[in-house]
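Next up, some structures in structure tokens.
Next, two complexes with subunit A in common: one pairs it with subunit B, the other with subunit C.
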Partner chain A sequence: MARSVDAAELAAVAPLTAQGSRRWRGLVLPAAAVALWWFTSTLDLVNSALLVSPVQVLDTAWEMISTGRLWRALSASLARELTGFFIGTASGLVLGALLGLWPRFNRMVGPSFNTFKQISLFAWIPLISVWFGLGDVAKVVFLSLAALVPVVVNTAGGIRGTPANLLEVARVYGYTRWQTVTQVVLPSAIPSIFTGVYLALIYSWLATIGAEYLLVSGRGVGNLLIEGSEHFQMDLVIFGMVAIGVVGWLMNASARVLERHIFKGRTI
Partner chain B sequence: MTTETLVANELDIRGVGKRYASTQAAGGTLQVLQNIDLHIPSGQFVSIVGASGCGKSTLLRLVLGLDAEYEGQILLDGEPIAGTGRERGIVFQDHRLFPWLTVAQNIAVGLRNAPFTEGQKRELVAEHVALVGLEGFERSYPHQISGGMAQRVAIARGLVNRPRVLLLDEPFGALDALTRSRLQGELQRIWQKEKITMLLVTHDVEEAVFLGDQVVVMQPHPGRIRRTVRVGLPHPRNRSDPAFIRLRDDVLGDFLDPSERGPSEVLPAAPVPAIFPVPGRPLQLAW
Partner chain C sequence: MTQTATTLPGPAPEHTSAATTGHVGPAWHKLGRWLEPLWLPLAVLALWTVGAAQGWISAQVLPPPAFVLDTLRELADSGDLWLHVQASLQRVLVGFAAGSLIGLALGTSMGLSRNVEAYVLPSFNALVQIPVLAWLPFVLLLVGIGEPLKYILIAKAALVPVALNTLQGFRQAPANLREVGQVYGYTRRQQVLEIVLPTAVPTLFTGLRLGFTKAWLSLVVVELVASSEGLGYLIVYGRQLFQLDLVMAAVIVVGAIGFAFDRLLDLAERRFIGARSASLQGGA
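Moving on, here comes the complex of A and B:
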């Protein structure tokens, strides 16, 4: 017994350490890019207004952080993002559940929704700007739309994808319709629903920047980018891009942690 | 074995037939089962053995109550069956455990709507975990245990609400040979201990003879009973007992010797697919 555990442990540990020691390889490319960037900017080969040096970006970063401008922009963007995300996700869950659980509703509404979701998200901008203006309401409407579609698609799909043989088990044990939905259909659909919500979080963050860029008014990270490009402040533009990327990465990472926490002990 | 005529038949299958609509079959319908008569006394172990497509799993689905469209009668203790019910348990070939529930929770699925108190349910679950030898794995998830262990959980789930009849649909068909023969022994032990009626469907002749008091041999096109063999050997059985081997080879002969087969089996009169497509209905067949 002890020997077999040792062997299993060895097998489990060996690839893990190897993986850990190889992790730095992912950093090679970004590090090389930064080095090349720094090198070119010091050579003064390129117009310095177009390609600023990494040092200048760091200076700007420090200034943005210390004056609080970054936080003001970021909190404005995140507040919009989360509002749109929650509205879109909540209505997406309801609509997706109705489409998945209620065949008659699906026959009536399903085709319209499938047509609706083919419309590119950014094609809504003109309509939204006319109806809701350029302010926060318009942006939140746009973000809700961005979050809605993946949640509906994955919720309805997950519900319909409940394995027929598990539904049969529920029939064998006399589950009521309510028991079948809450104890078989929903647990089986949860991974898919989670994927939808996760996509909604990412989409609505991408759409936040898009909304701030296309519905120009107010403060936000997207507005920082516009300001930077209008005033030819490439350091501000690059810093804004990095900030957007870091926020996206943080969202992604926290969703993964949450997912691992929820589905620990499950295969899916 | 002579006393079984005195005992009331637990499960009575009388003249049962089953047809599916099929565009490929002659006359637009496919006769999957024809005139099945089977009388299973209380506490007996009956094995149904047949090749794929002989309708044996369909018959089990009818007895289980998943499909109410058939000819003839299925009686349990003299009462016609209606839908699924707690008095009929089932073990499927694929264990069909809920992947999001632990072993103990999966067994408790069988008790969800059973008229027991929470305390009684907990006791029953613990008792059946022990019955299938899974103490210590109560809190494991299905993907953390082997296929053989998962099938043990499925057996415990099938038995936990104390059914009168346990139906077994090729329960060991997906397991490796070693695990299979060990679980066959386990099932025999459980059957002797619980003293309930069991109806096993299998395509494994040795399994059918090893476990059954009666072995019902079925043949396809249409699915019907070819003959019933009584296995008069005492339990637990020994696979190397000459009498056991003789019986096994006798039944095996039904499937191996072409000269003994009817002409319809050597050359089917109509091209019949091995799996019966049912237009307009999702394919949910279990064989």
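Moving on, here comes the complex of A and C:
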């Protein structure tokens, strides 16, 4: 059950159609929105400090990029994200493999794990902040947790989803348990494991932003947003949103390219 | 549930059968099986209780379980808990209702018209890349810190999976069913009502369920960051006063409500889709 939720989410992330020659139509709406935005801001129809012009956002963007502030914020965020991602993924692979391969372990730990993952991850932040402080350690612990859950779910699910007829073939050929695991179970589980790792990358990015919000200390992309919001700098807020979106999109896109490259010619 | 490739008849290999089905045995053996999932939580609970009683960990950092339960009971007795639960539930229901309605409309229009899809979907996909937390400061500056902020963000969270699953649902009608429709000379309206919609229903339901999960998650996040009542606020408040018993009690309530809703939607989904596929088979 749990696996279907995550898998459905992944499907939601993937593009549904790609029409070559008519792609320009996708640009109509954004172009119209930007034009409308630009018009209202130049004509002074709405008198509000919050309605900044697109030009001003571009100025801010250029300033952030040229002074290196964006780069510093991004590298701080990404360093934390990747640390948490690696720790979470590594432990998630071990835990998921144990849950998938060892029935007794699954019966003993599986239900507890399923209950644990029902609790919204962000609800742990106040507790983590008490136990680990507000610094980088707390953030990395939180990010590892965020990355751990999808890896465990998809690793265990992939291992348990090994087709029964393949297992039967292995049994007929008299494979040892080790051979069965390395030559039958793992190869058939790898696409699902990849899904888990891919989700972990995205989850830990979302969690990075969350951690910067709720464990306020240090500098990262999330802190840019908070700063913009506190000083009523809409241009900074919009720029921060776009930066976060672009990084998320890059992660998505690169994971998808990698997936296509690895599983080329495989029927999943 | 992922076992779709079971084509060979005959007994399954031993280790997988042991993994999936608990076998018959003496009564005590069955009891042992039933108790197995409880060992880990009980061990943790015991360690926690003993640790707190022996003073290994300060109660400030990890309050004993009994203390947490007391706090929970106190909260329930004084009625504070219900106020916060009510505030949270209202937010999540309003946001979810608005978000899923917009999501259904958006998904349906994209699903029924390739033109709408071509114009709207790329922008939609681009906006989806920005997480709820990144929208928060933007919406906060626009509408302030009141209730609309929570409704908008929760609605946004629910909208995305609902719209995408609706779109996908409308696209997955099997080609042979559509051909049958053509052979019978169905109008476009009939095609949609009698072929596309029934095959889309399970996916629609998945979208709604996913939407609710996302709505509940973002409720907690939004309340943690910006609110003065609700379960998320209770957590932050407890943290500020360094009352971890309060934090834990609130986390338990958040988890329990999320779990209950998940089970409920799961049950509804299985009922609904079960009835659906049965009627489809009966009709065919």
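Note that in this section the second predicted complex is superposed on the first by the 248 of 268 C-alpha atoms of A that agree within 3 Å, B and C clash if a C-alpha of one lies under 4 Å from a C-alpha of the other, contacts with A are read in each partner's own complex, and residues count from 1 in each chain.
Rule of thumb we're sticking to: contacts are C-beta pairs under 8 Å (C-beta built on N, C-alpha and C of every residue); 3 or more make two chains touch, one makes a residue touch a chain.
This structure is a prediction, so every number in the text was calculated from the model and none was measured.
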Touched partner set for A:Val184, first subunit B, second subunit C, both or neither: first
Partner chain(s) touched by A:Thr83 [first = subunit B, second = subunit C, both, neither]: neither
Partner, of subunit C and subunit B, that touches more residues belonging to subunit A: C
Which superposed partner A:Arg171 touches (first subunit B, second subunit C, both, neither): both
Intersection of the subunit A residues that touch subunit B with those that touch subunit C: 164-166, 168, 171
Interfacial residue positions of subunit A with respect to subunit B in the complex: 164-166, 168-169, 171-176, 179, 183-184, 187-188, 190, 265-268
Touch list for subunit B against partner subunit A, complex: 64, 66, 84-86, 90, 92, 94, 96, 98-100, 102, 109-110, 112-113, 141, 143-144, 161, 282, 284
Complex contact set, residues of subunit C against subunit A: 1-3, 5-8, 10, 12-13, 15-16, 18-19, 33, 36-37, 39-41, 61, 115, 117-123, 125-127, 129-131, 133-138, 140-142, 160-161, 164-165, 167-168, 171, 206-207, 209-210, 213, 216-217, 220-221, 224-225, 232, 235-236, 238-239, 242, 244, 247-248, 250-251, 254-255, 258-259, 262, 266
Residue numbers on subunit A that touch subunit C, as the complex places them: 1, 3-5, 8-9, 11-12, 15-17, 19, 22-23, 25-30, 33, 50, 103-104, 106-112, 115, 118-127, 129-131, 157, 160-168, 170-171, 177, 206, 209-210, 213-214, 222, 225-226, 228-229, 232, 234, 237-238, 240-242, 244-246, 248-249, 252
